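First chain A sits with chain B, and in the next complex the same chain sits with chain C.
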Partner chain A sequence: MSFIEIKNVSFGYGHKTPFEVQALSDVSLSVEKGEFISVIGHTGSGKSTLMQMLNGLIKPESGEIRLDGKNINANKKNISEARFRVGLCFQYPEYQLFGETCYEDIAFGPRNMGLNEEEVKNRVMQAISFVRLKPEKLQKSPFDLSGGQKRRCAIAGVMAMLPDVLILDEPTAGLDPAGREAILGMIGNYHKQTGATVIHVTHSMEIAAAMSERILVLNHGTVAYFGTPKEIFSHGEELVSMGLNVPAFTKIILELKKRGFHPEEAYTVEAAADQIASLLGGGTAL
Partner chain B sequence: MIRDITIGQFFPGKSLIHKLDPRAKILLTILYIVSLFICRNFFSLILMLGFAIACVLISAISPGLIWKSLRSIIFIVLFTSALQLFYNNDGDVLWKPFEDHKFCITTGGVYSAVFLAVRIISLILFTSLLTYTTSPNMLTDAIERLLSPLKLFRIKVHSLAMMMTIALRFIPTLINEIDIIMSAQKARGASLDNGSIAKRMKAMTSVFIPLFVSAFRRAADLAVAMECRCYTDGANRTRLKVMRFSILDYLAFAVVILLCFAAIFTTYYHFSDSLLFKAVLK
Partner chain C sequence: MSTQDLLVFDNVSFSYNEDDENPSFAVKDVSFSVRKGEFLVILGHNGSGKSTLAKLSNAIFIPTTGKVFVNGMDTSLPENEIPVRKNVGVVFQNPDNQIVSSIVEEDVAFGPENLAVDPKEIRIRVDEALKAVGMYERRFSETHRLSGGQKQRVAIAGIIAMRPGCIVLDEPTAMLDPKGRADVLNTIRALNKDHGISVVLITHFMEEAVYADRVLVIDQARIRAVGKPREIFSQREMLKECGLELPDTAKLCDKLRDRGIGIRDDILTEEELIAEIIKRSGK
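After this line comes the complex of A and B, so read on.
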């Protein structure tokens, strides 16, 4: 049995009003323990809804979600267990900071778990080491930090609960390239050191391809594709027609195919360069 | 869920009521409320209720939505009716539980309880129609126009209207924000929907602090954005859509004024309807 199992899940917003939307329809998939998954889909594809279902914030209207074999919506105990086992970090998490000090804010989750103060302190220290926040910042107000530091403090607040499944909804939105790299590095760290399952919602196919073992593509509330980056990139044209931003090199490969060449699929810049070089008659790219 | 709040929400449509001039709608609503409080007996009240229902039907707003707005005030209706029921001791005694105590329920009590309930329901039906069928921007525009005579007293009507427009504009944004912050804190185990009241109150600080911070941030951003577009208060702007009274508006006025007179007539020149009421009771 898989670690996370999503079976025939459907959900809609605003029933019986003029603003009715079907967010998810009949979604089924499963994720193994320790996997690194990226989720891609344009706005309104149901990403956020699906992510919020995984820790019981939203109950599916039909279907069920099993975490480690247990239906998370079966009873209150299961829901609160899922809340702590599945850490969910929303978009722009720095807007949810509220603590008097960074320490208080990061300690919020662990305290809600009912840990004693010593254990809470351990968790906070562990979390700031994941996000590389300096310990002297802990006594500062989170509102005095810089934008990037706020974001890291907020992510630390979720990591401090040491969830078995870490879900991040566009953790790099609105950051500069350096900030983006830093955040992605932290997520990779957490994944390696704790062996947790990581689900990373992103708009960038490049990041998804580079980091994850499998990519989930959602389109209009249904699963369009779910597979390894290689499998996903073999559907380049379909991804473009769904309105997704494919990497520049994928566009080149697609264009080459249209012009009658037969390059192999490539999902990293290096592989694409090799393909183009071999088509040009050379060996491999330098 | 917080998303389900419908009071003050606008539902676009093409009915006759949607087409009325918003200024006319505000004035008509005031006129209706006044007439409603002129009513002293059931004949006039049923007339008013009938008119409200007719307007709801014309507006083609779905009955489910109307029910939602009524459901939210059902407690107030029941509470005030219950007070009337025990407070009013006119007429024949219907129920007297304690022989030596004044406490009792009388026909007069039942009469005023039902009367008040019908009055409040009519009031909510008609007034909710105003916000259901008028977009918030039209509404504040109309208020600005209606209040413009106050400019003579150096009251900044335009600023007031702008503040209202901005406040209305940000209600959905802030509701959305509360939703997200609540979810985020729940994801960190905040007991917002379970646990004791004290625990919940404490958890609410984790929602309100970020909410206030973001409200101030948005206000500052908006102020800068407005200044960048050279916004000055009260400049003599022309409008994209100029409001004009149409024949429809005059007709609506005629109907409601007629209704108002009918209410006065049935209240002051009509035989008492306690006869009608007693017949219903028996």
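After this line comes the complex of A and C, so read on.
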């Protein structure tokens, strides 16, 4: 039995209206405890719908989702357990913020879990250290923060519940490069320090390749592939036909192959640099 | 100010709280101009003032101090508002916010209708604009059924149909998948190259700046640097201080240098890197 089991899940929006869409069709997969998974797929492929199902916000129309062996939609107790164990940071976290102050916002989840004020405070302080939000921001209204700070506040609110499964839906969209790096770094820290399972949706092939143990590829509401970066990015042509691509570094390696060189595959900047350096007779990283 | 300059920012400052005792400035002492047919990319950290600049460029905002001129017209004069908007079109970050009609071609017609363009002329412009963005076949489609990339292209068509001399695009690719991004970028490049429309592209993706004529770096409401992409991306310390980074290919070149490969430090594109590797390997 795997930690998360998604079995034959389907879901559609707008049934019996002219706008009916089948967002997910017969999706099955399982995820092990402590894995770092990235989810990629064209716009509208069903990524956000699947993520919202994992913490019980959307209920599958058919099929089931099991967390630690329990069907999360079986009864109220299971749903509320899933809400606490699975932390979801939305694609547009701006819509997730509602507290008077950042402190109130981040404290909301832990309080709901029934922790006392002392413990809630500890959770808030731990969470802002994960996301590197300055303590003086805690008394500010979340609406007075810049885009990047709002996102940190929203992620801190989810991390403060210390979820066993952390789900982030495009956490770096719209962030500047320094903000992107900072947020990815703190997600990596959370994964290492807590051993939590992390599921992360992204449109960046480079980020998916660099961070994940496995990558899930959704295409028109179905699972196209689920495997290691190496497995996934060996399907370059198919990925392109699904609106996706291989990482920029892989493109360069593939182009060198066409020009008569014999590098090994590479999906990250470090691996590509190793391959090119050895083609040019250079050493490895200093 | 030269006659070649379509859009001119002359010492512009803008504050969202100018009536406060200590107003803060989202844009401070900014001067630059966009030439006819130029492709200008604006980079800058979150909150640096980029979207505010976009809104100052077509009279959505009026400078707190300083002036913005479009084809020589002062944007702060009420009588210039319509001609200014005819000349500079702005595409906002979220296409959902600017799609107004339920059918693609109606949506594209909305802008020119508002400018009181003759209906026959509108028909011609709408078809032309939809062809330019590759959405002509989808002209009768319902807008809510389009993907993010398609909606973004329809939004661009709506702007093209107003026949502006300059299009300002605020992070048009932020939420798109790789194909959607490539489609939108190709559309923008074609408008610039084939139709001579000036383009101002605001982005957080360094790769999108590589093909610009000039790059403008904004840091904390002020212009920090202006120059050709190669000049900008050779200033590694400046980029770092501004919260920016190198394009992917240049990052890879730095990693090669870490490995003792003395590769040129001005390579920005995949083609340049491949050519350099071929040259060095003696093949």
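Rule of thumb we're sticking to: the second predicted complex is superposed on the first by the 249 of 286 C-alpha atoms of A that agree within 3 Å, B and C clash if a C-alpha of one lies under 4 Å from a C-alpha of the other, contacts with A are read in each partner's own complex, and residues count from 1 in each chain.
Going forward, a residue touches a chain if its C-beta (ideal position, glycine included) is under 8 Å from a C-beta of that chain, and two chains touch if they have at least 3 such contacts.
Quantities reported herein were computed from a predicted structural model and do not represent experimental measurements.
**Q** Given the superposition on chain A, which partner contacts more residues in chain A: chain B or chain C?
**A** Of chain B and chain C, C contacts more residues of chain A.
**Q** For A:68, select first, second, both or neither according to whether it touches chain B, chain C, the two together, or no partner.
**A** Neither: A:68 stays clear of chain B and chain C.
**Q** Is A:213 touching the first partner chain B, the second partner chain C, both, or neither of them?
**A** neither
**Q** Per the contact definition in the header, classify A:170: touching chain B only (first), chain C only (second), both, or neither.
**A** Only chain C is touched by A:170; chain B is not.
**Q** For A:57, select first, second, both or neither according to whether it touches chain B, chain C, the two together, or no partner.
**A** The first partner, chain B, only.
**Q** In the overlaid three-chain picture, which partner chain does A:97 touch, first (chain B) or second (chain C), both, or neither?
**A** A:97 sits against chain B, while chain C stays out of touch.
**Q** Quick check on the superposed pair: does A:245 touch chain B, chain C, both, or neither? Answer first, second, both or neither.
**A** second
**Q** One more residue to check, A:81. First (chain B), second (chain C), both or neither?
**A** Neither chain B nor chain C is touched by A:81.
**Q** Can you list the residues on chain B that touch chain A in the complex?
**A** 3, 11-12, 62, 64-65, 177, 180-181, 183-191, 194, 205-207, 209-210, 213-214
**Q** Can you list the residues on chain A that touch chain B in the complex?
**A** Where chain A meets chain B, its residues are 13-14, 16-18, 52, 55, 57, 76, 80, 83-84, 87-90, 93, 95-98, 108-109, 112-113, 143, 157-158, 161.
**Q** List the residues on chain C that touch chain A in their complex, please.
**A** So the residues of chain C touching chain A come out as 44-47, 93, 144-145, 147-149, 171, 174-181, 204, 206-207, 243-245, 248-249, 251-252, 255-256, 258-261, 270, 273-274, 277-278, 280-281, 283.
**Q** Hey, which residues of chain A end up touching chain C in the complex?
**A** Interface residues on the chain A side: 19, 41-44, 146-148, 170, 173-181, 203, 205-206, 240, 243-245, 248-249, 251-252, 255-256, 259-261, 269-270, 272-274, 276-277, 279-280, 282-286.
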